[in-house]
Structures are given as C-alpha cells and as structure tokens.
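Below, subunit A partners subunit B and then partners subunit C, in two separate complexes.
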Partner chain A sequence: MFELIGVTPQALFGQLLLGLINGSFYAMLSLGLAIIFGLLNIINFTHGAQYMMGAFVAWMLLKFLGLNYWWALILAPVIVGATGVLIERFLISRLYNLDHLYGLLLTFGLALIIQGVFRNQYGSSGLPYEIPEILQGGHNLGFMFLPNYRGWVVVFSLVVCIATWLVIEKTRLGAYLRAATENATLVGAFGVNVPRLITLTYGFGVGLAALAGVLAAPIYSVNPNMGADLIIVVFAVVVIGGMGSILGSILTGFGLGLVEGLTKVFYPEAAATVIFIIMVIVLLIKPAGLFGRTA
Partner chain B sequence: MLIKRILLVTAALMTATAAHSETAVKIGVLTDMSGTYSDLAGPGSVWAANKAVKDFGAAAKGMKVEVISADHQNKGDIASGIARRWYDTENVNVVVDLVTSSTALAVNEVAKEKNKVALVSGAASSEITGGKCNANTLHWTYDTYSLANGTGNAIVKTGGDSWFFVTADYAFGQALERDTSAVVTANGGKVLGSVKHPFPAQDFSSYLLQAQGSGAKIIGLANAGADTTNAIKQASEFGIVQAGQNLAGLLVFITDVHALGLKTAQGLIFTEAWYWDMNDANRAFAKEYAAANNGKYPTMVHAGVYSSVMHYLKAVEALKSAGDGGAIVAKMKEMPTEDALFGKGSVREDGRKIHDMYLFEVKKPDESKAPWDYYKLRATIPAAEAWRPLAQSTCSLVKK
Partner chain C sequence: MSMPAETLDDKAGGAALSTAPASSRRLHVAIFAATAILVLAAPWMVYPVFAMKVLCFALFACAFNLLLGYGGLLSFGHAMFFGLAAYVSAHLAKVGAFTLSFGRFGAFEVALPPLTPELAILCGTAVAALLGLGVGLLAIRRQGIYFAMITLAIAQMIYFFSLQAPFTGGEDGIQAVPRGELFGVLPLSSDINLYYVVAAIFMGGLLLIYRIVHSPFGQVLRAIRDNEQRAISLGYDVNRYKLMVFTLSATLAGLAGATKAIVFQLASLSDVHWTMSGEVVLMTLVGGMGTIFGPIIGALVIVSMQNYLAFIGAWVSVVQGCIFVLCVLLFREGIVGVIAKWLRRPL
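Right, the complex of A and B next:
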C-alpha cells in the first residue's frame, strides 16, 4: 500500500509524529486564543508577540539571572501573563462597549509595537537557547530518530491542554467562567467579581502563549518575528475549530499539525497554504467551525 | 498678491540655480528593514551607504548627496512599487542593496525602463547578471554561482559527493540549488533529490527527515538568514550530523553564526566575499559599524553597499551628472574599482563586480578570542576563478 503512494512507512510515520509535535504548539496557542475570545470577545492579535515574549523572557532569565529552562517554564508565563493583566486592565477594558474591530486593531497595533521594540533591541537573526541537558539526545524509534526534547514538548503540551480543559469544564471556577461567558450581568448579580475574572482570564491566556514560547525557544531561534510567522496559522486553527470552543481548538490544533506534516511529504510547496485551504472549505460548509455552535 | 507670487517665483528660481551649480544625487536604500534579513542587510545597509557618502567627501567635491531608505518586506511587488515611485516622483537616481533575489529581479526591470541605476548587494541570484541582466544594473557582493563554486567545489573535493538540497521556494533558493547542482555534477558528484520549503519557514524537521531518508552524504541548505539557522539548529537536534551526514550552508552570514552560537555552528564551511577581521581597514569599518548598530558586526552585504555606493559616486563625479543611468553604469564598468573594504577590482560587461572570494570555516568555541571572532580562512578563491566565466554567460550584453 505504501508503495502505491510512493512513500515508505518510515517516512510516513516520522512525518505524522512531527506533525503531532507542531500540532502541540498550535494547540497551546489556539487554546489561549479560544479562552480569551470566549470570555472577552476580543480577538487577541497580540498573541504571537506574547508567545515571542515568552521565549525572550526565558532567554533573559538565563542570560541575566542564570535561571535555567525549568525556572523559565514557571516564571516566564507568570511574567508575561502579568504584562497581559496590565494590558487588559489599562487598555482592552476600555473597549468592551465598542465594536469587535477596535479590540482587533488595538491588539494588532500592540503586537507591531512589541515586535518592533524587540527587533530594535535584539535584531532579527535570533538568539541561541540550548536544550536543557537532561532532554538532549534522542531515541531511535526504528522509523525515525525522536529527539527527547520534542517528545517532551508533545507530552507537556498535552498535559497542559487537558488540565486547562478540565479546569474549565469540571471545576467551580470554570463554571463561573462559562457562566460569565453566557451572561456577565447575571453572574455579577450573584456576587462574582466579573471584571477581575475577565482580567485573570486574559492573563491566563497570555501565560499559555508565553509557555508555548518557552517550549519553542530551544527548537526555533529566539527571534522577534517568531510569533508573527505563527499567529496567522494559529488564527486559522481557531477559526476551523470554532471561535471560542476550548475542546475544538485543542483537537484542531493537533489535527492540523498532522495534516500539515502529511503535506510536507506529498507536496512540500503547499505546506504553508494547506491550513488555509482547509479553513476556506470549513467556512463554506460549516461557518461556525468544526466544533463551534451557531449563534 | 502679485508681489507675493513674484517673490515666490524668484525664490524658487534662486534655489534651482543654487542646486544646479552642484551635482545632486539621491540614493535610495531599498532593503528588508523588519523581516528575516534585516540584520544581514536592513538598517546596517543604510548606515553603510551614509558612511560611503561621508568617506567619499561628497560635500567637498561639490556634490549634494542624499540617502533615503524604505522597507521592501522581501516582496517583489512592493519593491518595484517603491522603486517606481522613487525614480518617477522623488528624483532617486540609484537604488542600492536589494536583499532578496525576487526584489532585485523586480527592481532591475524598473531601473532599465526608467534609465536609472540599480546596485544589487544583498541579493544572490546569478540571473541578475545572467539571463535577466541589463545595462542599468550591477551585481556587487556575491552571487549563487560564486557560492556554489566556492563551497560546492571544496566539499565535493573532500569526498562529499552525494547531495540532497533543502531549498527556499523562491528565485534565490532555486538559483542556488541549480548552480550548486551544476558544480556537484561537474566534479563527478551526484544530486539525489531536493525538497522545497515555503519562505520563510520555522520548522524544518520534516524536510530534514526527508534529507536524512535520501542517504545523501551532504545536505545542502539552499536558503538564508533565519531559515538557515533554524535548519542547522534542528539538524543538530535530530542527530543528523552525528549519524554521519554533513550540512553545507550554501549562504551563511556572520549574523547567522552569531545567532547559532559557536557550539552549534562550529566547523561549518561556506563562501563569503568579505569578513571584518581580515585587515585593518575592515576592522576599523566594523568597529565604527558596531558602535552605531547595537554592537552588531557588519556582514558582506553591508561592505558591498559601502563599496558599490563609493564606486557609483566616483562615476557620477567623473560624468558631473547623475541623470543618465545607462551612462553612469557604463562609466562604472569602464573605471577600475578601488575602495578600503574590497581593494582593487573591476566591473564586467555583464554587470558582475569582480573580486576575490573566500572560503571560511567557523571556529570552535575555544578558538574564538573575542566577541564576533568567528571565522578562520580556509582558502582564497582568486577573482579569476570565483565568478561565472563570460563564455558561459547568457547575458545579452556579452558580445560573443
């Protein structure tokens, strides 16, 4: 069967696994976007820049404070998340009464400013960041050589995604969050501090982006454009999954990673476009996205 | 009202005569100011152009030179749009740098149409002085032929005789793959295949896995900038070099080596036209450059911008006018070139600037004594051997 499609099983399994690894980045980023959109109704275009900030904070922690990757994994999301809290409190919160478009323009502008500042300071060619020692090396799986670090990325992001989904679906806090998404006024009337809930949610979504940035730092070069290149794809992932759908964004993230991986085997030139082709088809057939509810 | 108008006209006439007494030149640096190539060209190229104007001593020679710049975002259509506007309405005489082959190939058409000048430093495609050459364009620093010739030759001769290419899917990557394949096969090597990746790309693991599967001894990276650094970084992650295959970075800049760090980059062999630590003039240029550019060091593209602007100004000085682009380019070909960074050289009838090229190897971490001390010289490729022979040229300007 494999001879028929002109690809060896080794190559095919290898590419599927790589697709899964890339998919885990898509999943983590689109999860953050979906949470933010679900509660704030803001399309957070700063997400790519915040992912980049996560990688840069990891680099700075190592360079200036000597704190290694594991510290960065905890601290970078907190630090970048805190900047997210400030952005929500002082800027985004002023736009809730206005059209969606204003939020989009604000976050898009912020992304350009943040990327410009980093580019001005650190240039565009990137900074080196080493893979932590215990995750260096890899295993030969027979069909491919799997670097330990990539294996770690898949497992870790799966855990983060599932944990986030459980918090939102199964806990009291998650119930408040979902209720506030449905009807913020009513939830406020029950004594829940909705503005604070919104602020923290934005901070959490941003923290997820930064966490993905830390995970990416040892694989890709840490450079100011790393988020700008990725964010458009991640938006397509969110749109395909259904705006605001938590589970949808996770499943679509991993799924599209796989599709992209396969495209790189059969027709690599289209690897950058295949996700958008799927987006067009999904929008034509199911405008609310694969997992979205029609409003 | 009438008096006011007369005064205005007189004032305008006076400025016009004042401007006429000295030769006015406007240089447009068209480059990647914000994207993946902005470190190896970008704002540094603008600095280099200004530095050339200053060192030339334009003011003392009665020339009024202005340098402006714009971001072409590595897109051919944006580049030709800006060049058209510059040439048509903003009196720009010469467009320099043009990093990214797609932008260079777009702007050289515009320069020809408007009879202005394009001096390419950042772009690589050998088509610029090949099938797409014209009498208004010069290609200054390096090209895909010279890279392939330098690096390809050196590697095939040391036993790297089977190749697989990972190629950026646009004019530059395709030209680099084509020129390197030709060198490999001419030396008795084999090309086992290639994979084209979108430009720019982040994740190269899929392509590297395909390269690994090919069993080729050498994986040729026909890409540049962050694409190359990401590919090299990920190749080391996937244990490709440890498993016995070798990487050939076909176009590597010092900013890429800096981004990789010596630990990952050590041992890489590649061809360049210029390195800051080769003589006192280069070191002085680099020191001044670093002071003005956040401590970064100049690439060969920056040096090329400097050298090309210098030679252009000499030609304008000789002709006493920057108006006729074709005449200036003809003059530039006629005059021998000489400047602090590239020494003596010449410009060929097909528009190719001729100078020595160098084969460098990246130092091991313990060999590097100072910041940006990254290269050791493996070989000098003399000017006579570095470039595509005119006999093989497809350029219509070459008389055969």
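Right, the complex of A and C next:
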C-alpha cells in the first residue's frame, strides 16, 4: 500500500504524529480562546504571546532557579495565568461595556508589547530547552519510531483538554461558568461573584495557553515569535470549529493538526495554507462553523 | 454578557452626525482646500520621499477607515490588498510578462513588455479589487470578531502565497522597480514629478471616499453599522452593501499599495504581513475612526514616529503596542475625533 502512494510509512506516521502534536496545541489554544470568548466576549489576541510566555517562563525557571520541566509544567501556567489576571483586572475589565472590537484591539496591542519586549531581550534566534531525562529516547513501534516526548505531549494535552471539558460540564464551578456565559446579570443576581468568575476564567484560559507553551518548549526552540504566527492559525481553527462547543474546539484542533500533517506528506507546498483553505470551504458550506451555534 | 453595548459609532467622534449640513459642508470644503495647499507645499517643507510615504499610508488608512469607521467592519487583513497590489504593480512595471498557470491544464503566457507606471498601478489596483470581492464574499458571512479573524486568516494565506509564488522574489521581494515615465512622457525618476503624481492620486482617493461617505450609499452604510437588524427590516440588502464597501475599501487600499511600490521601487513581504494590517488599524485609531480626515493625521503621526524613532530599532513595535493600549483605554475618539467633538461638527 505504501509503495502505491509513494511515501514510506516512517514519513507518513512521523508527519501524522507531528500533526497530532500541532493539533494538541491548536486544541489547547482554541479551547482557551473559546472559554474566554464565552464569558468575556472578547477575542484574546494576546493568546499567542501568552503561549510564548509559557515557554519562556519554563526556560527561565530552569536557568535562574534550577527548577526542572515538571516544576515548569505546574508553575509556568500559574505565573502566566497570574499576569493574565492582572491584565484582566486592570485593562480588559475597562472595556466590557464597549464594542467587542475594542477588546481585540487592546489585546493586539498587548501582544505587540509582550512579543517586542521578549524579542529585544532574547533576540529571535530561539533558545534550546532540553527534553526531561525520563522522556528522552523513544520506542520502535514497527511501522514507525515514536519519540517518547512526542507521545507524552499528545497524551498529556488530550488529558488536559478532557479534564477541562469535565470541569466545565460536570462541576458546580463549571455550571456557574456556563450559566454566566448565557446570562451574567442573572447569575450575579443569584449571588455569584461574576467579576471574580470572569477574572478567574481569563486567568485559566491564559494558563492553558502557557501550559501549551511549556509542552512546546522542548519540541520547538523557545522563541519570541513562536506564538505570533500560531495564533493566526488558531483563529482559523476557531472559525472552522465555531466557539459554541468545548468538545468541538478540542476535536477541531486535533483533526486539523492531522490534516496539516497529511498535507505535509502529500503536498508540502500547501502545508502552511491548508487550514486557511479548509476555513474558506467551511465558510462556504457551513458559515457558522462545524460546531457553531448561529449567533 | 448582556451589558449595554456601546457601538463603535458612539465613540467615533463626529461620525454620529450623519448628513453634513451646509455649515459642515463649508467647513469640509475649507479643510479640503487647506489639505490641498499643504499637500502642494509639502515637498518644499519636508523630504519628498517622506511626504510620499505619508500620502501612500494616508490613502491606505482612509480606505481602511471607509470600512471600519463607516461600515463598522474591522478587517484585520487589509495588508493583503495593499501588499498584493504592490507586488502586481511592481512586477508589471519591472518585468511585464506573466504566466497564468492552470495546474495540469497547462499555462497561459502573457508576453507583455514592462508597463508604464500608471498602467502598472491600475492593474495592481484591479487585482486588489478582485481579491476584495472574493474575500468580501467570504468574510461577510460572519460578523464582529469572526469577521476580523477571517480576514486575518485569509491575509495570512496571501502572505504564504507571496512567500512561495515564483514572481514575488520570496524573501527579497521585487527590488529596483523602475519608476518609468508617466504616460510614456513624464519621467518619474525626479522626486518632485513623482510627488505630484502621488499627491494627485491621494487627493483623488480622498475626494472619492468623501463622496462615497456622503452619498445615499454612505447613509445606508451607516444605518447598517448602527443597527443592522433595523436596516434589514427596512428592506435593505445588507450583505450587498457590506460587499460593496468591502470591495471599495480593498480597491483603494490596493491603489495605495500599488503606488507605494512605484514610489519606493520595492514590493516586499512586509507589505503583506499582519503587522502591516495592524499598523493601518493603529493609524485609523490614532487619527480617529469614522472621521474623513482622521486617518490622514493618524498616518502622519505613525509614519513620522517610525521615521524619527528608527534609532530605537525593534522597540518601535513595543511603542506601537503601547499606543494601541492607550488609545483603546483612554483615547477612543482619536485626534480628529476629539477636535470634531470640540467643534461639534463631523470632520
């Protein structure tokens, strides 16, 4: 079969795995965007910069404090999430009674600032980050070689995504969140502290982006520009999936990662644009997005 | 959240006042005259190439403002029209010949000699208009922030196309584009000659935008921006109006980009990059969205800033980010918007 299509199984499955990894970043980032959008009604343009900050915080923790990858996995999302809380409290919260577009413009400006500062400090060549010892090496599965770390990224991000989904769908906090997304005023009238819920939600979404950044650090080098182009792809993912459904964002993210991987094998010229082309097709056929509710 | 949403318009200074009464019209004529005099005198006050840069970006920002300020549509991908038109006009002015490839169905070669600058600019603008029509058809299928994300994503696609297409020169761009001779007669290698051509294009574009905004079409457009449901219930085909203003805006953005390619003899990837889309949003925001003259002031401010702050290098993007944040938080009317509010007249 592989002779027939003219690719080696190693190349095919290798690219599929890389596609899955990208897909897990798409899923985690679009999940965060969807949660933030649901409650705050803004599109967080800073998301890519916050993903990059996650990777940088991991690198700094190692370099300055000697804290390894596992610490970074916990601390980086908390630290970056905390900066997110400050951004929400002092900047974004001033825009809630304005047109949504101002939120986009504000977070775009913030992204320019954050990326610019990191670029000036660390250049744009990228810094290396070692794969933790326990996840080095890999397994030969017969049809392909599976580097342990890449397998870990896919499994771990899947777990994070599903856990997020469970928290939102099955817990009391998640119920508050869903209710506030529907009607914030009414939820506030029942005595729920909605502003705090909004702040925490933004912090959580940002933390999710930072977590994706930590996971990405050993695969791609830690680079100030790593989030800038990624966020545009994630926007396309969000348009394709629609932001109405949490599970939908996760599925769309992983699915599009796989499609991108396949394109790299069969028609590499289009690999950078395939997601945008799918977006165009989806807009033509189902403008609300695959899982979207018509607004 | 169901909070009273302040529309873009409430913040957009003078635009809330719709038809220009006679007194406003006199004011506008006076401002147009002052602008024309300033534009005519500019090459004797500042370096002509700098003045041309300001005019190109001012036209770009005015075109963008037509869409955002009067149509209420935030496109985050306007660099695609600017940049693609720049590539097309640069290629036609330098090489001329091009190949239309239809994949396996073969290719169609058009053996053109290098075009004169006015034809190159015209063709670049036409390509931007076609692209605008296509992108508009897609993007108006969604509203609000989805619209912004879609335009951004399609612009990124055009960016990758510009990176890979054979005629664009990849990372180098198209360099050393000849300025040529206008209509084959007037040599544009002289900065002053070229400056007045650019000034004519700019004034023409500005008048066209003024005419569009103050036409019945412009009125309907503002009605849609302020309350789309109401415009629909009044029987307007909202999507047709949106598509028209999107195409017009793209065309004028293309005109600015095509002209810029001839002026700087260069079309490069930075013209199609999303940072360029961000810059034009910034110019409009600083000058005042929904005002006729605001984007010109915004372009002047941002281009001068880039020029005079060139020594701080990469920090320019940080400064731009700070201006973005400050404008959104404290200064949403923009410079001209504040003046308009003060004069109680739309500008």
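Just so we're on the same page, the second predicted complex is superposed on the first by the 280 of 295 C-alpha atoms of A that agree within 3 Å, B and C clash if a C-alpha of one lies under 4 Å from a C-alpha of the other, contacts with A are read in each partner's own complex, and residues count from 1 in each chain.
The definition used in the following text is that contacts are C-beta pairs under 8 Å (C-beta built on N, C-alpha and C of every residue); 3 or more make two chains touch, one makes a residue touch a chain.
Given the structure is predicted, the values throughout are model-derived calculations rather than measurements.
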item	value
When subunit B and subunit C are modelled together on subunit A, clash or fit	clash
Which of subunit B and subunit C A:P147 touches, first, second, both or neither	first
Subunit B versus subunit C as contact partner of A:R119, first or second or both or neither	both
Contacts of A:E269 with subunit B and subunit C, given as first, second, both or neither	both
Partner chain in contact with A:V85 - subunit B first, subunit C second, else both or neither	neither
First (subunit B), second (subunit C), both or neither touched by A:N183	second
First (subunit B), second (subunit C), both or neither touched by A:G138	first
Which partner, subunit B or subunit C, touches more subunit A residues	C
Touching partner for A:G109 - first (subunit B), second (subunit C), both, neither	second
Touching both subunit C and subunit B, counted on subunit A across the two superposed complexes	116, 119, 229, 269, 272-273
Of subunit A, residues touching subunit C in the complex	37, 39-43, 91, 94-102, 104-106, 108-117, 119-120, 180, 183-185, 229, 232-233, 235-236, 238-239, 269, 272-273, 276-277, 279-280, 283-284, 287-288, 295
In the complex, subunit B residues that touch subunit A	34-40, 42, 169, 195-198, 200-203, 205-207, 209-210, 212-213, 225-226, 229-230, 233-234, 237-239, 243, 255-256, 258-261, 263-264, 294, 296
In the complex with subunit A, residue positions of subunit C that touch it	1-8, 11, 74, 76, 138, 141-146, 148-150, 152-154, 156-157, 160-161, 164, 274, 278, 281, 285, 314-315, 317-318, 320-325, 327-329, 332
For the subunit A and subunit B complex, residues of the former touching the latter	8, 10-11, 14-15, 18-19, 21-22, 116, 119, 121, 123-128, 130-131, 137-138, 144-145, 147, 149-150, 219-221, 223, 225-226, 229-230, 261, 264-265, 268-269, 271-273
